[in-house]
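Shared between the two complexes below is chain A, which pairs with chain B and chain C, respectively.
Coming up: the complex of A and B.
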C-alpha cells in the first residue's frame, strides 16, 4: 500500500502523542499515585437508614492525627451535615460522605475537590487546605428545586 | 479479431491511466499536512493545559 510521505509524518506524530499522553497518565497513576480526587470506598449502606448507620448517625469532623481530620458528612436536600466546618490552616481532611436521599455533588470551586455523592455509597476524598480563608462547598449535581441553595462553608483559620 | 485487439488496447490504456494517477505523481498534501498539525497542536496544548491545571490543584 502506498502512503504519502506527509501522511506518514502526521500518523507518526499522532501515534507518538497518544503514547506520550498514556505514559504521562500511567506513570502519574501507578508510580506517583495521582488518582481522581474522589472515589467510592466500596462500602454499601442502606440509604434509608443513613442516620442510624455509624458513623453517619453522628455527622462530625474529628481529629485523627497531627493536623489530620476525618470528616463524616451527609448530603441531603438541600444542605450538608455538619454545616460550616472549621479547620486550622494546613489541615489534611479525609472526607467521607454519603447521601440521605438523591444524588448530590461535592465541589469546592478552584480546587480538585469534586465528587459525586451517591445514596447507598460512601465516597472518599482527601484534601490539604494550605491557605487560610473561606471555601464555598457546593452541590454541582442538580438535585431538586432548592439545588442552588445547597452549600456550606469550610473555614480555614490561619 | 480487430475488435479484440481494440478492447485489449483500451484496457491497457485505462490500466496505465490508473497507475499513473496512483503512482505517477504524488498528490499535493501540504495544506492537509498543515491543517493536521494545527489540530494536533490544539489537542496537545489543551491536554497539557488541563494536565498542568490538575497537577497545580492537587
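Coming up: the complex of A and C.
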C-alpha cells in the first residue's frame, strides 16, 4: 500500500507523542500511585441496607493518625451525611462514600476531589487540605428534582 | 435526481431529523436561559425534563435520522437504485424509529421519563420510555441490514471490483453502530424493561452503566464517521479537487471501527467497582484513535493543498488562499474541521485517566461535546443538507441558499464560541454539568460561576438564531427552482496507488474487534456479576 512520505513522518511523530502521553499517564498511575478514585476494589454492600452496614450505619469523620482522618459518608437525595465536616488545616482525609438511593456525584470545586457515588459500591479517594477555608462539596451527577441543592461544606480551620 | 421512492426514503429521514433539531433547539435555548439565571420556567415544566428532551432529540434522534437518510442517498448515488426489498426494509425501519421517537417524546413531556438521555439506573422511567428506545434502536438496525444488503448485491454484480468508497464508509458506519448498540439493547431488554415493569425487583447498576458506555463512546464515532465520509469523499468534489488516497481513507475507517468500541471505561474513570488496571487498558485503547484521526487530518489538508497547487498556488501555504470559502457547502464542514482541532485535543484531556478528575461531570464536558458533535459533526451535516435536500427533491442550490449557509456558518461559530468557550472555562473551575440554576446558598465559589453561565445563555440564544436560519433555509430548499443538483462524489488522485483487498472486507477486522472487546471487557465485566444485591427502582423527580 502506498503511503506518502510526509504522511509517514506525520504519523510517526503523532504515534510517538501518543506513547509519551500514555507513558506519562501510566507512570503517574502505577509508579506514583496516582490512580483514579475507587482503586481498592471489591467493597460491595446491599444498597437497601446502607444504614445497617458498618461503617455507614454511623456516618462520621474519625481521626486515625497525626492529622489524618477517615470520613465514612453516605450520599442521599439531596444531601450528604455527615453534614458540614470540620477539619484542621493540613489534614489528610480518606473519603469512603456510598449511596443510599440513586447515583450521585462527589466533587469539591477548586480541588481534584471528584468521584462517582454508585449504590451498592463504595468509592474512595484521599485528599490533603493545605489551605484554610470553606470548601463547597457538591453533587455533580443528576440525581433528581432537587439535584441543584445537593451540597455540603468542608470547613478547613486555620 | 434519484428514483422517487428512494429519494423519499432519504428525504423523510432528513426532515424528521430537522423536526427533532428544532424541538431540541427550543429545549436548549430554554435550558440555557434558566441556567443563566435569566428566566424561570412556566406551567410546571421542569429543567431536567427539558434537559432530557434536548439530549434525546439532539444526540439520539437528530443524528440517527440524519445519518441514515444521508447514507441511503449516498448508497443510491454510488451503488444504484435500492433493491425493492432494501427499500421496504428502509421504510419499516423509518416507521419504527418514528414511532419510537414520538412515544419517547410523549413520555418525556408527561414527566414520566425525566432521566436524561443516559437514563442511569436506579432512576426508573416509565417502561414505555425504554420501549421507545428499543424501537429507535431496532429501527436503526433495519438500516444496517438494508445498507449491507445493498452493498452485498452490488459486490455480487460487480465481481472483482473494489466497492465504491462512499458505500464502504456507509457500511462501516452501520457495522460500528450495530456492534455498539448491542450493548445498550442487551441492557434495555434484559435489565431495564423487566425491572421497570416490576417483573424483577432490582437492577445491577454497575453493569447497566458499563453496557451504556460500551455503547456511549462508539455512539460519538457513529456521528463522526458519516462526517468523515463527507470530508473524504464529497468535499474534494465540491472544491473541484481529488481524493488524496483511497486506501488510507479505508484504513482509517477500519481503525476507527477497532478503537472506538472497547473503550467505554474512559467515561467511568471516576467510579468504583472497576480496577485501575482495566481502566488503564481502555485508556490506552482510547488513545489509539489518535492515529486514524491524524490520518484523516493529513488527508484533508493534502487534498486541499493538491487542489490549491493545481490552481497555481505557490509557496508553502499559498494553497490556503485558493479554497472556495464563499461556498457554504465547503465552508460549513471546513469550519467544522477546524473546530475539531481543539475539540479532539479536549477529548485527549478527558480520557487521560487521573486528569479526568479535573473535568469529570463539569461544564467542561458539556462544552467538549458541543464543539465535537454540535459543531464539527452538526456543521458538516448542515453543509450536506444544503445540497442534499435539493438533490433529493429535484431542485437546485441557489445563490440565496448559499448566502443563508454562509450566514449560518458565522452565526453558529460565533454562538458556539461564546457558549462552549464559557462552558470550558467555568468547567475548569468546577461548575457542574446537568444542573439547574443554583448558587448553593450564595457560596462564593458558585457565585463566581454566574457570569460565565450568563455568557453561555447568550451563546445559546445566538445558536437558536442559527437554528432559525437553518429552518428557513430548509423551507427555501423545498421551494427552490426545479432542476438537478448533483450528489458530489470525488475521484481518487492519480498517484494514490492500488487498494489492498484486505481494506475492502470486514471479516478480519471484525474478528480483531471481537478479540479487543473480549480483552478489554471480559474480566472486569465478569467481576461485576459477583457484586452484592442490586438496586430497587427510584423516581426522584
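Methods note: the second predicted complex is superposed on the first by the 151 of 158 C-alpha atoms of A that agree within 3 Å, B and C clash if a C-alpha of one lies under 4 Å from a C-alpha of the other, contacts with A are read in each partner's own complex, and residues count from 1 in each chain.
Here is the rule we use: contacts are C-beta pairs under 8 Å (C-beta built on N, C-alpha and C of every residue); 3 or more make two chains touch, one makes a residue touch a chain.
Since the structure is predicted, the reported quantities are computational estimates derived from the model, not experimental observations.
> Where does A:9 make contact in the superposed view: on chain B (first), on chain C (second), on both, or on neither?
first
> Could you look at A:147 and tell me whether it touches chain B, chain C, both or neither (first, second, both, neither)?
second
> Is A:21 in contact with chain B, with chain C, with both, or with neither (first, second, both, neither)?
both
> Looking at A:112, would you say it contacts chain B, chain C, both, or neither? Reply first, second, both or neither.
It touches chain B and chain C both.
> On the A-aligned overlay, A:34 touches which partner chain: chain B = first, chain C = second, or both, or neither?
Touch partners of A:34: chain B and chain C.
> Looking at A:45 after the superposition, I want to know if it touches chain B, chain C, both of them or none. Which is it: first, second, both, neither?
Second partner only, chain C.
> Of the two partners chain B and chain C, indicate the one touching more residues belonging to chain A.
Partner touching more chain A residues in the overlay: C.
> In the superposed arrangement, does A:89 touch chain B (first), chain C (second), both or neither?
neither
> On chain A, which stretch or stretches are contacted by chain B in one complex as well as by chain C in the other?
Overlap of chain B and chain C footprints on chain A: residues 2, 4, 6-7, 10, 14, 21, 34, 37, 110, 112.
> So in the complex, which bits of chain A are touching chain C?
1-4, 6-7, 10-11, 14-15, 18, 21-22, 25-26, 28-30, 34-39, 41, 43-48, 77, 101-103, 105, 107-110, 112-116, 118-124, 134-136, 138-145, 147-149, 151, 153
> Would you pull the chain A residues touching chain B in the complex into a rising list?
Checking each residue of chain A against chain B gives 2, 4-7, 9-10, 13-14, 17, 21, 24, 34, 37, 110-112.
> Mind listing the chain C positions that touch chain A in their complex?
Contacts found on chain C: 46, 48, 51, 114, 116, 120-123, 204-206, 209, 244-245, 247-248, 251, 268-276, 279-280, 283-284, 287-288, 290-291, 294-295, 298, 302, 348, 352-358, 360-362, 429-438, 440-441, 443, 445-446, 495-500, 503, 527, 531-536, 538, 540-541.
> What residues of chain B sit close enough to touch chain A in their complex?
Contacts found on chain B: 22-23, 26-27, 29-30, 32-33, 36-37, 40, 43-44, 47, 51, 54-55, 57-58.
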